[in-house]
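Common to both upcoming complexes is chain A, partnered first by chain B, then by chain C.
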Partner chain A sequence: MIYDALIAPFTEFEFMRRALAGAIALALGGAPIGVFLMLRRMSLVGDAMAHAILPGAAVGFLLSGLNLFAMTFGGLIAGFAVALLAGLVSRTTELKEDASLAAFYLMSLALGVTIVSIKGTNIDLLHVLFGNILAMDDQTLLVIAVNATITLIVLAVIWRPLVIECVDPVFLRTVSRAGAPAHLAFLALVVINLVNGFHALGTLLAVGLMILPAAIAKFWSRDITGMMCIAVASAIVSGYAGLVLSFQTKVPSGPAIILVAALLYVFSVLFGNVSGLVRQIFPGRHLEA
Partner chain B sequence: MKSMRQTCGVLLGALAATLIANIPLKAHDKIDVVASFSILGDVARNVGGERAIITTLVGANSDVHVYTPAPSDAKKIADAKLVLVNGLGLEGWLERLVQSSGSKAPIVVASNGIAARRLGSHADPHAWQSVANAKIYVANIRDALMAADPPAATAYRANADAYLAKLDALGAEVRAAIASIPEARRKVISSHNAFGYFADAYGIAFIAPQGVSTESEASARDIAAIITQIRSAKIPAVFLENVSDPRLMRRISAETGARIGGTLYSDSLTGENGDAPTYIDMVRHNIKALTGALAD
Partner chain C sequence: MPAQLQFRDVTLGYDRHPAVHHLDGEIAPGALLAVVGPNGAGKSTLFRGIVGILKPLAGSIGLGDVHARDIAYLPQTVDIDRSFPISVFDFVGTGLWRSTGPFGAMGKSARARIAQALAAVGLNGFENRPIGTLSGGQMQRMLFARVLLQDARIIVLDEPFNAIDAKTSADLIALVRRWHFEERTVLAALHDMDLVRAHFPQTLLLARTPVAWGATAEVLTAENLLEARRMCEAFDESAPACAVDDAPSRAA
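For the complex of A and B:
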C-alpha cells in the first residue's frame, strides 16, 4: 500500500525517475543559492532576475528555434547584462540596488516582449519556451546537472568572501578585495540556477525551489552550514513529495512541488526551533550556569 | 453669378458622370468577398478564380477559435459584397463584427446542408476535415458567388466544377492511403478534437488521451495515464501537439514505443512556404503524417 503510493510511481515510470533526478539536481544547486540570497536580503531579486532572463531566452528561441542551449545561452547573457548594469549603476550613482535592478529588468522585459511580438506568431511563447519537470529529456537533465555542479564548485571557491560579506561587508572590504568579484560570481550563479528552474518548473515558479527552502532553513538553524543542509534537504523532500502528490492527485507537478515546500514553510514558521511562533510562546528552559 | 452656377452645374454633372461610369465598371469588375478563416478562404479562392477578390479575416497560422477582430477587419467587411463563414459555431465573434461594421453584405454559411457532429453540447465545427463535406462547401460558395455576381455565373460554375473534380481525386487518394494501413493499426491517440469528421469518414480512430486537459499543465498522473493507455491499447502513434512541451511528447514516446506523429493541421493553413498552403495540400499533408506514423 505504502509502496504503491510512494515508490511504485518511480519504479513503473521512467519519466518519474527522471523528474526526481531533475528535482534533486535542482535542489542541490538552487537551495544554497537561496540561502545566500536570503542572508543578503535579496530574496526578491530572484524574481526580478527571472523576468530579466526571459527575454534573452526568447531571443534565443527566435534565432534558433527550440534549441535548449541557444535559449539557455540567451537567458544567461540577458541575466548577466541586467545584473552587471544594475550593479554598476548602484555602485557608481546614488540609486540603490533594488531600484536600479527594477529599472533594468523592466527594460529587458519590455525589450523582450517587443522582440517576440515582431516575430508575431500566435504561439504562446511561454509554453514553448519552458518545460516542466515531467519532460526531462537527456539534454535537459544534463544541462540541469551541469549547472548544479558548476554552482557547487563556484560556491566552494567564493564561500569565504561571500559569507563574510553577508555578516560584515565593511570588514571584508578592509581585509580583502574579493568582495566585488565574489558578488558578481554569485549573481552569475543566481542566473544559472534561475535558468535551471525555468527548465524544470516554468517561469513563474523558477524561484520557488531557491527561496522557500532557504526560508524554511532559517527557522531550524542559526549556523550557515546547518542552514545549507536543511535547505537542500527540504528542497529534495519537496521535490519528491510534490511529484508523488502530482501523481496521486491531478495537481500539475511544478505547483505541487512548490506547494509542498510552502507547507513545510508554514510548519517551520509555527514550530521551527529558531524563532518559530510556538517556540516563542513556550520558550524552552533557559540555560543556567 | 450665372457663370458660377454654370460651372457648378458642369462640375456636378461631371462628378455624377464619373460616379455612374464607375459604379457599373466596378460591378463588372471583380467583387470583394470576405472569408472568415484561411481554409474557407482557400476554397473560396478556387471557386472565385479571377472574378472575386477573397480576403480572409483570420489568416494562415492563426487560431480562428480565439481570434480577436481588429478594426481593419470591420473595414474589410464593410467593403465586401459577400461574407463567407464556416458556421457550426466556429466564428462566434463574427456576427457582432458584421453588425458593427454596418455592412449590408449577405452572410453565407458554407457548411449549410452538412449533418453536424456533436462535440459535447456544441456542434463540431471542423466539418472541412472530410473531403466530402468540403464539396458541399464548394457548392454553397459557388451558389453564393453566383447570386452576388450574376454576370460571372458561368465562370464560377466552371471553376467550381474543376475544383470539385480535384476534390474527388483527393478523396480517392485519402481512401487509398487509409486502405494501405493495416486495419488493427488504424488508431492514434490525439488530443486534437478537430478530426471527428475525418475519423467518421475514413475510419481512423482518434482516441482522446484520458483526463488530459489541453488548457492546463499536465500533472504526473495525466502523463502516467496516457502511458498506461497507450501500452494497454497498443496504440501505434501519438499526435499530441497541444501537450505544450515537445519534450514531454518525446518522453511519452520513449516510454511506450509509440511513434510521434508529425503535425496535423486542423484549423488553419500555413503560409506560402509551409506544409499546407492550400486546403488540398493540408489534407495531403495530414494523410501523409498519419500513414507515415501508422505504417508497419
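For the complex of A and C:
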C-alpha cells in the first residue's frame, strides 16, 4: 500500500524516474543559489530575472519550435544580458539592483508571451509558462545535470569572495579586486539555474525551487553551511513529494512541487527553531546568562 | 628615511566639491598620527583616498612601496550585514586574505593565528557566535582582531572609539600602541582630544585644508581648533571652479 503510493510510480514509469532525477539535479544547483539570493536580499530579483529569460527562450521557440538547445541558448543570452546590464547599472550608478531590474519584469513577460503566441498554440504557451517536468527527454535531463554540476563547481570557486562580498563589501574592496567578478559569476549562476528551472517548472515557477527552500532553511539554521544543506534537502523532498502528489491526484507536476515546498515553508514559519512563530510565542523561561 | 605616505597637492571630494583641498605633506614610516577636525572636515574622505576606494579629483597620494590593498582599513560606518549567518571566527579569519587569497586553505597555523587575535582583543569564547549577536563594543573588538590579522604596515582607523566604553577603548588603545611599537604606520581619526594628547605623538588638524600638522601639543591649541571650526562651515552649491588649480579640466 505505502509501497504502491510512494515508490511504485518511480519503479514502474520511466518518465517518473526522469522527473525525479531532474528534480534532484535542480535542487542541488538551485537551492544553494537561492540561499545566496535570500541572504543578499535579492529574492525578488531572482523572480524578475526569471521573466527576463522568457523573451530569449521565446525567440528560440519562434526560430525552431520546442527545441531544447535553441530555447536554452536564447534564455541564457537574454538572462546574461539583463544580469550584466543590471549589475553594471547598480555598481556604477546609485540605482539599487532591485530597481534596475524591476522594469524588466513586466516588459519581458509581455514580450515573451507575445512572441510565443505569434507562432505557437495555447499548449506551447502553457509549456513555456509552467514547464513540464514529466515530459523531459534525455537531452533536457543532461542539460539540467550539466548546469547543476557547473553551478556547484563555480560556487565552490567563488565561495570565499562571495561570502565576504555579502557580509562586508567595503572590506573586500580594500583587500581585493575579486568582488566584482565574484558578483558577476554569481549572477551568471542565477541565470543558468533559472534556465534550468525554466525547462522543468516554466518561467513563472522557475525560482520556486530556489527561493522557497532558502526561506525554509532560514528557519532551521543560523549557519550558512547548515542553511545550504537544509535548503538542498528540502528542495529534494519537495521534488519527490510533489511528483508523488502529482501522480496520485492529477495536479500538474510543477505546481505540485512548488505547493509541497510552500507547505514546508508554512510549517517552518510556524515551528522553525530559529525565530519560528511558535518558538516566539512560547519561548521558554529566560536563561541565567 | 623615505616617507611612507606622500600627499602631493591632493584634492579629494564628491561630485567635484572638494572635501580635502590641496593637501601637501608626508607621513614617515612608523608614525602614529591622529587626524582631528570637526565633522565634515574631510577625515573620512582622506582615509578613503589613502586606501584607494576614492580617486583623487586632483593631485596624487604616494604609498611608498606599499600597495593600497595591503593597507588595513577600519571604516567609520562599517557596512557590515550583521544579519549574515557567519561566525566570529570565520569573520575574523577573512583578515588573512592576503595570505590565503580566495582559495588558500585555513590550516592549523592560520587557525592558531585567528585564535590568538581573538584572545588579543579579549573575545575568547566568542568563536562560534554569529556576528549579529555581538554588542557594539564586541563588534569593534572583532574588527580590531581582523585588522590585527591583516598584519599591515599601514593601518587606517576611522573614528575607532566612537560609542565605545572606557574599558574597551583602553584595551583597543593598547593594541594601537602595540602596532606603533612594531613600527607600523598608524593613522586614526579621533574626536577625543584628551586621548589624542595622551597617546598620539603627532596630529594633523584638518578642516578641508590642513590647519596645522606636527607635534600634538603644538597643533591642538585653542586658536587652531577655533580656526578649524570656522573653516569647515562654508559649502557653496554653486561654487566656481577652484582658481588654485591650474588645470581645471582635471577636476571635471
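A few comments on the model shown:
As a working rule, the second predicted complex is superposed on the first by the 256 of 289 C-alpha atoms of A that agree within 3 Å, B and C clash if a C-alpha of one lies under 4 Å from a C-alpha of the other, contacts with A are read in each partner's own complex, and residues count from 1 in each chain.
Everything below uses one rule, namely that a residue touches a chain if its C-beta (ideal position, glycine included) is under 8 Å from a C-beta of that chain, and two chains touch if they have at least 3 such contacts.
As the structure is a computational prediction, the values presented were derived from the model and not from experiment.
Using the contact criterion defined above for the overlaid structures, shared-chain residue A:Leu39 touches chain C, although it does not reach chain B. Of the two partner chains placed by the overlay, neither chain B nor chain C lies in contact with A:Asn196.
By the touch criterion defined above, A:Val157 reaches chain C but does not reach chain B. For chain A, the partner touching the most residues, choosing from chain B and chain C, is B.
Of the two partner chains placed by the overlay, only chain C lies in contact with A:Phe171; chain B stays clear of it. In the superposed pair of complexes, A:Ala135 makes contact with chain B only, with no contact to chain C. Once the two complexes are laid over each other on the shared chain, residue contacts for A:Ser268 go to neither chain B nor chain C. When both complexes are overlaid on chain A, the residue A:Ser234 reaches neither chain B nor chain C. Shared-chain residue A:Ala19: touches chain B; no touch with chain C. Residue ranges of chain B in contact with chain A, taken from their complex: 61-63, 211, 216-224, 227, 244-248, 250-252, 254-255. Of all residues in chain C, those touching chain A in their complex are 51-53, 68-69, 71, 73, 75, 78-81, 84-87, 91, 94, 97-98, 100, 102-103, 130-131, 146, 150. Chain A meets chain B in the complex at residues 9, 12-16, 18-19, 66, 121-122, 124, 127-128, 131-132, 134-137, 140, 202, 243, 246-256. Taken in their complex, chain A has these residues touching chain C: 39, 157-158, 160-161, 163-164, 166-171, 173-176, 178, 221-224, 227.
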